[in-house]
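Structures are listed in the sections that come next.
In the two complexes below, chain A is the common chain; its partner is chain B in one and chain C in the other.
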Partner chain A sequence: MNFQFKNKVISGILTVLPDNEVLFEDEMSNYNFSEQKSLKLKAAMGFNKKRVVKNGETSSDLCTYGLEYLVDSSLLEVSEIDALIFVSQTPDYIMPPTSNIIHGKLGLKRDVLCLDINQGCAGYIIGLIQAFMLLDQKSINKVVLLNADVLSPKVSKRDRNSNPLIGDGASVTIIEKTELENNIHCSVKMDGLGAFALNIPAGGAKLPNSNETALLEEDYAGNFRSKDHLVMKGDEVFNFVQTEVPELIEEVIKVSGYNKDEIDYFMFHQPNKFMLNKLADKLEVPREKMPSNVVENFGNASGVSIPTVITFNISDKLLSQSNLLCLSGFGVGLTWAAIIMKFENLKFSKIIYK
Partner chain B sequence: MENLIAQLEEILETTNLDLTKKFKDYEEWDSLSSLTIISLLDSNYSIKMTNAEILAFNHLAEFCEFVKNNAK
Partner chain C sequence: MKQQIIKILEEIRPEFDFSEEVNFIENGYLDSFDVVTLVTSLDECFNISIPGIEILPENFSSVQAITELLKRSGVKE
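Up next, the complex of A and B:
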């Protein structure tokens, strides 16, 4: 499904990552594989360091820290926020919405829309599209998009499939109206038949957490996890991404009217280096235009990976000039989505650590 | 097909691939070698295969035959 918007810009992006850093080697002995095999995996996938919360911090803690930083730095006025979108798979509670909790903590005005969205790897794109739709309203001039995923407590430490790559983080993106025409082209696709390719079996209404769901079981590949843990069918996800994402990107480029080589950067979700390099090659995009260095430095924090790859790699360029970017997120849902838009001289673009 | 055998030898770290064996018989077989094969099939032969499908072949000869007949 295609969406078009205009007269909207992203004016700032802040990524908030945990202070706590864990090395791949620190956890290698947890896995049921020889050191040699694990190091081979590390090299192929680009695993190295990841950032995970340490003291039970939650999604709202990281988001609130980021918002307070922006307010204290005079980069954001609380009274200007007309809508607060919170995209996450790790809300603080089942009820109330986490966006309402953050609203209360920050002291936002009452004349506002708070909205929680459950999305993961494509959550940045879905959140931006929602922000653009809200900005079509007369009463909404500035939207704050929060992405946060704190999935590390949901991953088995003995799961070599997922544990090395999962990181935690949050981001704050400001989207507002502009006089510039700034045409924005978006495309979104979903396939619920693949809904369980990435999932956490227990903890919802269908299978509440219990002593039984907490039991560790060994899978065919030698990984140990319980039904309380995140599980990813790596082979199915890989095939899905390599088939669907190139097609989606070609389509959104075509609709946008730009040539592929006019696009300055392809800022994609960061599952691992292996998958991103394959994608770049398939799309015939130079690998340096599609950075793949987030997993090795910070881990993959799901919906936060796109703001992280942007703020880590091209902050200086975003502050000083206009850049044409293609963003794409793909994964849980299954959901795959992309945006082509110009980023015009951002007011801020940086990473802070909590 | 010689090319495929050489590629499998590299992935499974052997110099003399035994086509009567299964993937799981090889010491080097794990989720990474499986994904490497899935990726190779996708890039070089335009074949989509899951881990379970790869493991379902009775021996490597059967796998190679399948790739030969289904490569696009």
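Up next, the complex of A and C:
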């Protein structure tokens, strides 16, 4: 499904990452691998270090910290926020909505729309599309998009499929109206038949958490996880991405009317270096135009990986010039989505640590 | 090409004899993580990029299957 928008701009991106850093080597002995094999895998996948919360910090804690930083730095006026979108797979509670909790913490006005969206790897794209839709309303001039995932507590330390790469984080993106035409081209696809390629079996209404769901079980590959933990069927996800994402990108480029070589950067979700390099090669995009260095430096924080790859790699360029970017997220759902749009002299683009 | 492939395989899993006529995947000689390492090594050794959509278990089940994959990826014998 294609969407088009105009007269909207991203005016700032802030990534909030935990202070706490864990090295791949620190956890290597958890896995059912020889040291030599682990180190080869580290090189191929880009595993190195990751940022994860400690002391029970949650998604709303990271988001609130980022918002308060922007307010204290005079980069955001609380009274100007007309809508607050919170995209996450790790809300603070089943109820109330986390966006309402953040609304209360920040003291936002009552004339505001708070919205929680359950999305993961494609959550940045889905959140932006929602923001663009809201900005078509007369009453909405500025939207704050919050992406946050604190999945590390949901990953088994003995699961070599997931634990080496999963990080935690949050981002704050400001989207607002502009007089610039700024054509924005989006494409989204969904396939619920693949919904369980990435899942957490227990904790919802179908299978509430219990002592039984907390029991560790060994899978065919020697990973230990419980039903309370994230399950990632790596082979299925890899094949889905390599099959579907290039087609989606080619489609959105065609619809946009741009040539592929006019796009300055391809800022994609960051599952691992190997997968991204294969995508770049398939799309015939130079690997330096598709950075793949988030997993090795911070871990993959799901919907936060796109703002992280942007703020980590091209903040200086975004602050000083216009850049044409192709963004793409893909994963849980299954959901895969992309946006092509210009980023025009952002007011801020940075990473802070909590 | 066959000898180069066997050498790379033995570097990844030195405990197995890859000159045997067995299915590497079904017999546990290679798991999915070995395949990632193998693809990275083959890409470097033969200066190619094996397409992502070709990274399927059946294409790594034997030296012959890997040879065919390399040929499809542009390696000449």
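Just so we're on the same page, the second predicted complex is superposed on the first by the 354 of 354 C-alpha atoms of A that agree within 3 Å, B and C clash if a C-alpha of one lies under 4 Å from a C-alpha of the other, contacts with A are read in each partner's own complex, and residues count from 1 in each chain.
Note that contacts are C-beta pairs under 8 Å (C-beta built on N, C-alpha and C of every residue); 3 or more make two chains touch, one makes a residue touch a chain.
Keep in mind that what you see is a predicted model, and the values were worked out from it rather than measured.
K.L.:
Would you sort A:K40 into first (chain B), second (chain C), both or neither based on which partner it touches?
P.N.:
So A:K40 meets both chain B and chain C here.
K.L.:
With the two structures laid over each other on chain A, which partner does A:L279 touch: chain B (first), chain C (second), both, or neither?
P.N.:
In the superposition, A:L279 touches chain C alone.
K.L.:
Does the superposition put A:V241 against chain B (first), chain C (second), both, or neither?
P.N.:
second
K.L.:
Need the overlap of the two footprints on chain A, from chain B and from chain C, as residue ranges.
P.N.:
33, 37, 40-41, 44-45, 160, 221, 234-235, 238-239, 242-243, 274, 278, 281-282
K.L.:
With touch defined as at the start, can you tell me which chain B residues reach chain A in the complex?
P.N.:
Chain B reaches chain A through residues 28, 30-32, 34-36, 38-39, 42-43, 48-51, 55.
K.L.:
For chain A, which residues count as touching chain B in their complex?
P.N.:
33, 37, 40-41, 44-45, 160-161, 220-223, 234-236, 238-239, 242-243, 274, 278, 281-282
K.L.:
Where on chain C does chain A make contact in their complex?
P.N.:
Spelled out, the residues of chain C in touch with chain A are 12, 31-34, 36-37, 39-40, 49, 51-53, 55-57.
K.L.:
Considering only the defined contacts, which chain A positions touch chain C in the complex?
P.N.:
Interface residues on the chain A side: 33, 37, 40-41, 43-45, 160, 221, 234-235, 238-239, 241-243, 274-275, 277-279, 281-282.
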